[in-house]
Structures are given as structure tokens and as C-alpha cells.
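Both complexes below contain chain A, partnered by chain B and then by chain C.
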Partner chain A sequence: MTEHKPRAWRNALAVLAALVVGWQILHAVVGEVALRSPWETVAYTAKLFASRDFWPNFDETMTAFAAALAIAVATGLAIGMLLGFSRLAGEVFEPVLVALYSIPKVTLYPIVLLAFGLGMQAKIAFGAIHGIIPIALFTINAVRNVRPILIKTGRVMKLTTWEMVWQVLFPAAIPEIFTGLRIGFSLTLIGTLLGEMFASQRGLGYMLMNGIGLHNVDVIMSVTFMLVVFAAVISSALLAIDRVLHGRA
Partner chain B sequence: MSVAHVTLRGVTKVFSRPGKGGEVHALGPLDLDLRSGEFFAVVGPSGCGKSTLLELIAGLATASAGEVAFEGRPIAGEIPDGVGVVFQEDACFPWLTVVDNIAFSLRKARLAPGERESRVRDAVAMMGLGGFERSYPAQLSGGMRQRVCIARTLVMKPRLILLDEPFGALDQQTRLLMGEEVLRLWRQTGATVFLITHALDEATMLADRIAVMSARPGRILEIVETGWPRERDSRVVEDARFGALTARLWQVLRQESMKSIGRPGGVPEGGA
Partner chain C sequence: MNRALVLRVLALAAAVAVLEALCRVGVIDRFTMQPPSRIAVDLWSILATGKFNAAILKTLTNAGIAFALAVSVGIAAGVAIHGLKALREGLDPLFATYYAIPVLAFYPLLIILFGLGDAPQILIGFMLGVVAVIVNTLNGLDRVPRVLLKAARIGRLTPVEVATQVTLPYAVPYVLTGVKFAVSYAFIGIIGSEFVMSRGGMGFEIAFAYNNLDNATMYPLIVLILAVTISANLMIARWEKALLARRGLA
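For the complex of A and B:
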């Protein structure tokens, strides 16, 4: 694994360089009206960071996202564990989850808004809705796929139900569950930002929509750039942890 | 030596088949006494209920009829203290290091840390796992992982060790070496060992007594005594009696194996 690391870094850098070059070429083709160059975007991002108006928006998004993620993870894990352990409950409710998941969630947004009102709560709810079901589905499968021999071993060790869940089933399912969390992270972020883009007065999503309304290409480019970097960095870190966990199993 | 350590009387196991209807008579009725401190092996055609027999003694399954007792006390659906089990499949916990795997049951038993560490150290030394204490199971070979599982059982100081084809997934050379190690720890611990295997030569090499089971429903057809000295190793295969004993097992087993794959047993031998 250690000898693969330099290569992985080299590949990642090559992809990054290609992206920047592609961006620069696209900028040259479509022109200043539609796209800023990489350098201009970075420069404007620095300017945003220095301004006082930016940080309340940033905080708003991060707070909403953190709360949505916490709810999605806690609820998703709880549902997943429950349906994974109980064969009957799993058979009854798993198809329901899958069906719910196939609904385009944007169609639910008016209901979320009516239920929670404009503002923070609606964003959190909308973000959480996106993350819960994938996390639950991954957790169900993770728990079901625990090798029966490990459970048998737990029985031989006379573990109580509680010990069996927390000391055998949960750790055995962690690599798979973590994959669900990784995907849940991305989807919750999408949900939170979508929530901010419609019917919101603050946040990065609001800044983005506002930028579109005012045709402020600098703002659009910078906010998008920030979000891409944020998502990419965290996702890569989660993927790295994911690989370590799966390598052990 | 002659005290019965495990007693089975009229033990029968019938599985109901949910959905399919009907029942499968898997085992028995079967009587068996394991002597304290002996190495007892069971061979039989596949699907004869060998593993069911082990699960009954381990308390992982309950008998449909009859009684299973360990040290005079009936086993009622719960594994008794003093019994350790090693399965064929790799049962190491992949998220724990070798020492944490071995110490798992000791932690649950709330042993004092000092005692725990010394027991783990002994088990690591006994199973030749030195230098791999901090490794994860995925970094070990199949044979090494099985040693971890044996060590994990050993630290609990079991008086009865149940082995369910523990070397079934290993290559032949590793099997022979692991067999020697099991013999050594059997001598050192003084525990009774109950081994399920499909390998006749393995049974002959390791055991004091070998039960040959019939095709389903599994019954004991014959118990063969090997008469090996307690101090022995894999070199008993060179002994002249080794071939004769293994041949005897095969003689009894051949017809049963034929039955279990749905063929007539050919010419009956010795009026069996």
C-alpha cells in the first residue's frame, strides 16, 4: 500500500492540472461573459474571504449542512440497523425506502417549506431527506452481509444481544456502513445547497442564485469553486478512510 | 481417564423445513461418552450430521430428544463454561489485531489486566504467533488466522475443546503441522478434544478414539481405538498400524459414503 502512495498523489495532481488547463481553454473559447479564468476565480475567492458579507453566508450553509448531516447519519443508521437486524421489518420497509428514494426530492420541497417555514429548519430538513435513505440502505446491506460465522463466534462467546450488536455486528459492518456515509455526505450537501437555492435569504446557495439573478459571474464562479473544493477534499478524505477499512475486512 | 466428560443419551435431532414442509431427521438416536482428557475424532460421510453433533455439544443447537451433559450437567441451549469451539471458517474479527482477537473473551470475562496479558502472551507463544501481535487478520495467511482462533479459545482455559474441521480450509502441509500443534496443546492443557473431520488420515493421526458415523440420520457405526501413546506427533503415519487403522475407517465408511451420494454400496463386506 505504501509504495502506491506516490503514484496516487501523482495521478491526483495530473487530474488537477488537466482540470485547470481544461478550464483555461474553455474560458478562452466561451469568453469572459460566461466564465472566469482559474486565476480570476481564485483571486475573487480571496476577495470574498476578505469581505465581511461573505462569512455569515458561509456560516449559515455550514451550520445547516452540519445539522442535516448529523440528522441524516443518526436517523439513517438507526433505520438501517433496525431493518438490517429484523428480517421481517427489513422485508416490509426496504421496498418502501427504495420507492421513496426514487421520488425526485425537489418535488417535496414545497411541502418541506410549508412544514418548516423559510429559513434554517427547511434547509436542514431538505438536506437530511437527501442523506437518510442512502445511508439507511447501505447500513441494511452492511448488517445483512456480516458473515454468519462471526455471529456464531459471538454466540460461542456468550455475548448478550447488546454486546453482539456493538462488539460484533457493528464493527463487522463498519466498512460497508462507511461507504454509505460517504455517499450520504455528498447527497446531504447537495440537498442542503438545493434548499438554499430556492426560497432562502442567506447561505452559499443563496449567493449563487443571487449571482445568477444579477449576472455576477465572479460570484457564481467563486462560490461554485469553493463548493467543489470543499466537496472534493472531504470526499477524498472519506474515500481514503473507506479504502483502509475495506482493506482490513 | 475413564470419567465420562461428555455424555450423550438417545440424542436425536430433527429439523423442520420451514416453507418446504416435512422434517429432516438429521441425527441419532445416538449414545456417546467422551472420556476425560481423551482426543476423540468423528468421521462420517458429508451431510451425516457431524457438525450438528458438535453444535449440540456446544449448546449452539438443542436436541429434539435425548440428553447431552457436560461434566454431569445437562447442556440446555447455552454453551457451558469450560468449552471452547474452533470452526472451519475463518472466525477472526477482522477489525481487531491478533492480540485483541485473542483477548476478546478475556475482556468480556473482566479478567484483571495483568492476568489477561499473561494469558494472551502464553497463547501467542504457544501458537507461534510471536511478531504478529499487532497485525490484522487480513495480513495473515489462512493457517495463521486459524492459529489466532485456536489461541482465542485457549486463553479461556477450556476443559473441552470442540474442533469443527478446523484445518479444512488449509493446504496439506499446513494441516499436518497444525495437527502436531493441536496434539501438543492437547497434551499441555490436559483438555478433552472433540474433532470433527472428513480426513480419515487426520483422524487416525490425531485421535485416541475415532467414531465412524452413518449417512443421515447420523448414528455411530463403530468406534475405532488407535492405541497411540500420549506422546506422539505426525510421525505416527510411519507406524505400520496407521495404514491398517485408516483402512478400517474407510472400510466402514465406504458403504455409507456410497449411500450418501445415492449409490448402492457394491459387494457387502463381512456381512455388514
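For the complex of A and C:
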């Protein structure tokens, strides 16, 4: 492991460098009309950070995302625990969840808008529906794969359902559940942003759409860049924790 | 198992019935949603009159092309990356992050490059789906038992033969997981970009109907897309299950 780590870092850095070089070359080929160079993008991002108009949009997106993630995690875990623990309920509803997971959720956006109206609620709902199902599916599998002896021991000790969930199932299933949370994080973020892109008056997704409408390449590139960096940093951290959790077992 | 199936059908039927009742009684008003029975009637008349055939054909064709590209390129790239360990280690964090990137944000850039036609939409659908296929192909190839690789070496197969005759056939059930995602992502890419900016297709018609409060068009088209993707997924899942069953794994 100790020998493996520096190499993995080096390889990741090499891919990162290749991405920046590729971006620079693409910029040279395509030209200013469609792309900004990496340096120009970073410079404009810094300028956005310094401007007053940017932060309310940022806050809006982060608030919506945090709410959506909280709903997705709580609902996903609850559904997952329930269906994972009860064999019959799991057999009945898991295929339904799998089918729902596979549908292109953008298609549902007009319905979400009609149900929740234009604004914060619709964004949160749209983010949450992206995250709930993967979290639930991973939790179902995690709970099912808990070694039966642990559950039997819990029964012998006469644990209540609540104690069983919090003291036995959850700790034993945490590595798998965490993988679900990691994926749920990404999908909830993308869901929230998509919600903002299609219909909203504020937020980073709105800034993107507005940039697209006005053909403001600076804004499009900087906001995309910002989102990619944000997603990449948090995903990598979650991935590292994920690996540690799985290695522990 | 059969009891679960019966219960599932009953639960879904009950859900539709409750929805129908809520719509009929007026708890859900008709501007928000039409009763399911009404949607079914509208969908039938849309298909019977052929009013949206051009849009449906356009979207299904584009999604089909994006799907085929994502699967073929994804499998080929998966095999290539699996052979290069250093590249793989570098790409792993990128793959883990990929689905948090709003790929749709690149749509305007693609429109500038390729014009407001089918190409940018297909590219978006492809870009979304290809990574899921790559990741699942890698996962499948990781699981190939060493004994098969040794047997291939004894048979003096070339690397291409090893991939096409040994490792890929073994990995198919895992690759199919990625293929299922590619179906969904192809539609997400096409419909999403049709919502954002387009001159036709089902996503365009849905957005148009939404703006005109035309629920009689919007809901049936949405239901049609869901029906197509769910049936495609069920078919692939059935194949996957048959393959696993043959190996005694399901």
C-alpha cells in the first residue's frame, strides 16, 4: 500500500496534466469563439469570485443541493434499510426501484415543475429524486450482505428494531452504504444543476443557461470549470474514504 | 418468487388506481396532471394519428446512434485501458468524478462546433453513456479467472483473440450493466439537449407542450419515453440473468 500510493498520485497527476494540455490544444484548434484557454478560464473564475453578483447564485445552488442531499440520504437509507431487512418487501419492490433507476429522469422535469412550481422546491425535488434510488439500492444490498450471525446475535440479545438498525446493521453495512452515498452525492449534484438549468431564475445552473443564451463563453467555461473542480475534489475525497472503509473489512 | 411478482403487480396497480382517484376527485388538479386513464387514451390517439411520428423517429434514431456509439467505443476503450495499468490508475479518480460533471453544459460548445443539428445531441448522449460502459467493462475484465487467461496463453492466442474469445465473453454480464446505463444516458443526453435547444424531437415537443399547458400532449410523450427505456432495460436485464443462470450464478 505504501508503495502503491505515490504511484497512483503520480498517474492521477499525469492524467490531469494531459487533460489541461488537451484543453489547451483544443482551444488552439477551435479558437476563441467556442472555448477559452485554461488560463483565461481560471482568471475569469477568479473575477467571478470577486464579483458581488456571483455569491447569491452560489448560495442558492448550495442551499438547494444541501437540502436535496439531506432528503436523498434520509429517504434512501430508510427505504434501503426497510427493503434490505424485510425479505418479502425487498423482493417485491427492488425490481421497481431498479426500473425507476434506469429511466431518464430529465424526462420527468416538466412534471416536477407542474407539481412544485418554478423555484427552490422544484430544484430540491429534482436533485433528491436523482439521489434517493442509488442510495436505496446500495443500502438494500449492503444490509442483505450483513453476516446472518450478527443479526442472530442481535436477536438473542433481544435488541429492538431501532437498536438493531443503529447498532448492528448500520455499522456492519457501512462500507457498501458509503459507496451508495458517494454515487448519490454525484447524482444529486447533477440533478440539482439540471433543475436549475431548465427552469429557474437563480443559481449556478441558471448562470450556465444564461451564458448559453447570451453566448457568453467566459461564463459557460468558468461555471463549468468551477463545478467540475468542486465535484472532483469532493468525489476524490469520498473515494478515498470509500477505499479505507472497504479495506478495513 | 411468484408471490413477489403478484404482489408487485398489485402494488403498482394500486398506485395507478390511487393516482387515478386523486386526479378524478380533484386533489390533483387537471393542470398539474391528467388521470392515468386519460393519458393512456391520449397516447393511443397520438400514436394512431401519427401526429408526432417525425419527432418520435428523430429522437429514437438519435438515441439509438448515441447508444450504439457509447457501447462500441466504451467496450473497446475498456479493453484498451484494462491492458494499461498506469493509465487505468490515473483514470480511476476521473471515472469516479465523471458523473458529477454537468456534461450538458458542453452542449452549447458542441452547437458552435457542429451546428444546431443532430450531431451535438448524439455526442452528448454518447459522452454521458460511454464512461458507464468503460467502467463496467473494466469491472468485468477484472473478474476473469486466472485459469482462463492461462488457458489462453497455452493456446497461444493473440491479445485481440484473448479479448474477443476469452475475456470479453466472460465479462458480458458485467458489461451489460453498463449497457443498461448507456440506454438511459443516451435518452438523457438526447432529451436533455432537446429541452435546452433544438428544432425538433420528443424533448422539443414536450417542452413546447409544457409551455402551452398542453398536458394532453406532454404526459403521453413522457410516458412513451419511459415505456421505451424501461422495456429496453428489462430486455437487457433478462439476457443478463440468462447468462448468469447458465453459469450457475443467479
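As a convention for this text, the second predicted complex is superposed on the first by the 235 of 249 C-alpha atoms of A that agree within 3 Å, B and C clash if a C-alpha of one lies under 4 Å from a C-alpha of the other, contacts with A are read in each partner's own complex, and residues count from 1 in each chain.
The working rule: a contact is a pair of C-beta atoms (placed from the backbone, for glycine too) under 8 Å apart; a residue touches a chain by one contact, two chains touch by 3 or more.
The model shown is predicted, which means the values in this text are computed figures rather than measured ones.
A.B. asks: Looking only at contacts as defined up top, I'd like to know whether chain B or chain C touches more of chain A.
C.D. replies: Touching more of chain A: C.
A.B. asks: Output check: A:157 vs chain B and chain C. Expected answer is one of first, second, both, neither. What do you get?
C.D. replies: first
A.B. asks: Does chain B (first) or chain C (second) touch A:235, or do both, or does neither?
C.D. replies: Once the two structures are laid over each other on A, A:235 reaches chain C alone.
A.B. asks: What is the contact status of A:11 with respect to chain B (first) and chain C (second): first, second, both, or neither?
C.D. replies: A:11 sits against chain C, while chain B stays out of touch.
A.B. asks: For A:137, select first, second, both or neither according to whether it touches chain B, chain C, the two together, or no partner.
C.D. replies: Neither chain B nor chain C is touched by A:137.
A.B. asks: Based on the superposed arrangement, let me know which partner A:69 touches: chain B (first), chain C (second), both, or neither?
C.D. replies: A:69: touches no partner chain.
A.B. asks: Looking at the overlay, does A:171 come into contact with chain B only (first), chain C only (second), both, or neither?
C.D. replies: In the superposition, A:171 contacts chain B only.
A.B. asks: If we count contacts the way the header does, which residues on chain A are in touch with chain C in the complex?
C.D. replies: Residues in contact with chain C: 7-8, 11-15, 19, 30, 33-35, 88, 91-93, 95-96, 98-99, 102-111, 113-115, 182-183, 185-187, 189-190, 193-194, 197-198, 205, 208-209, 211-212, 215, 220, 223-224, 227-228, 231-232, 234-236, 239.
A.B. asks: Provide the residue numbers of chain A that touch chain B in the complex, in ascending order.
C.D. replies: Going by the criterion above, the answer is residues 147, 149-150, 152-153, 155-159, 163, 167-168, 171-172, 174, 247-249.
A.B. asks: Which part of chain B faces chain A closely enough to touch in the complex?
C.D. replies: Touch residues, chain B against chain A: 58, 60, 78-79, 84-85, 87, 89-91, 93-96, 104-105, 108, 136, 138.
A.B. asks: Once bound in the complex, which stretches of chain C touch chain A?
C.D. replies: Going through chain C, the ones touching chain A are 1, 3-4, 7-8, 11-12, 31-33, 86-87, 89-94, 96-97, 99-102, 104-109, 112-113, 180-181, 183-185, 187-188, 191-192, 195-197, 203, 206-207, 210, 218-219, 222, 225-226, 229-230, 233-234, 237.
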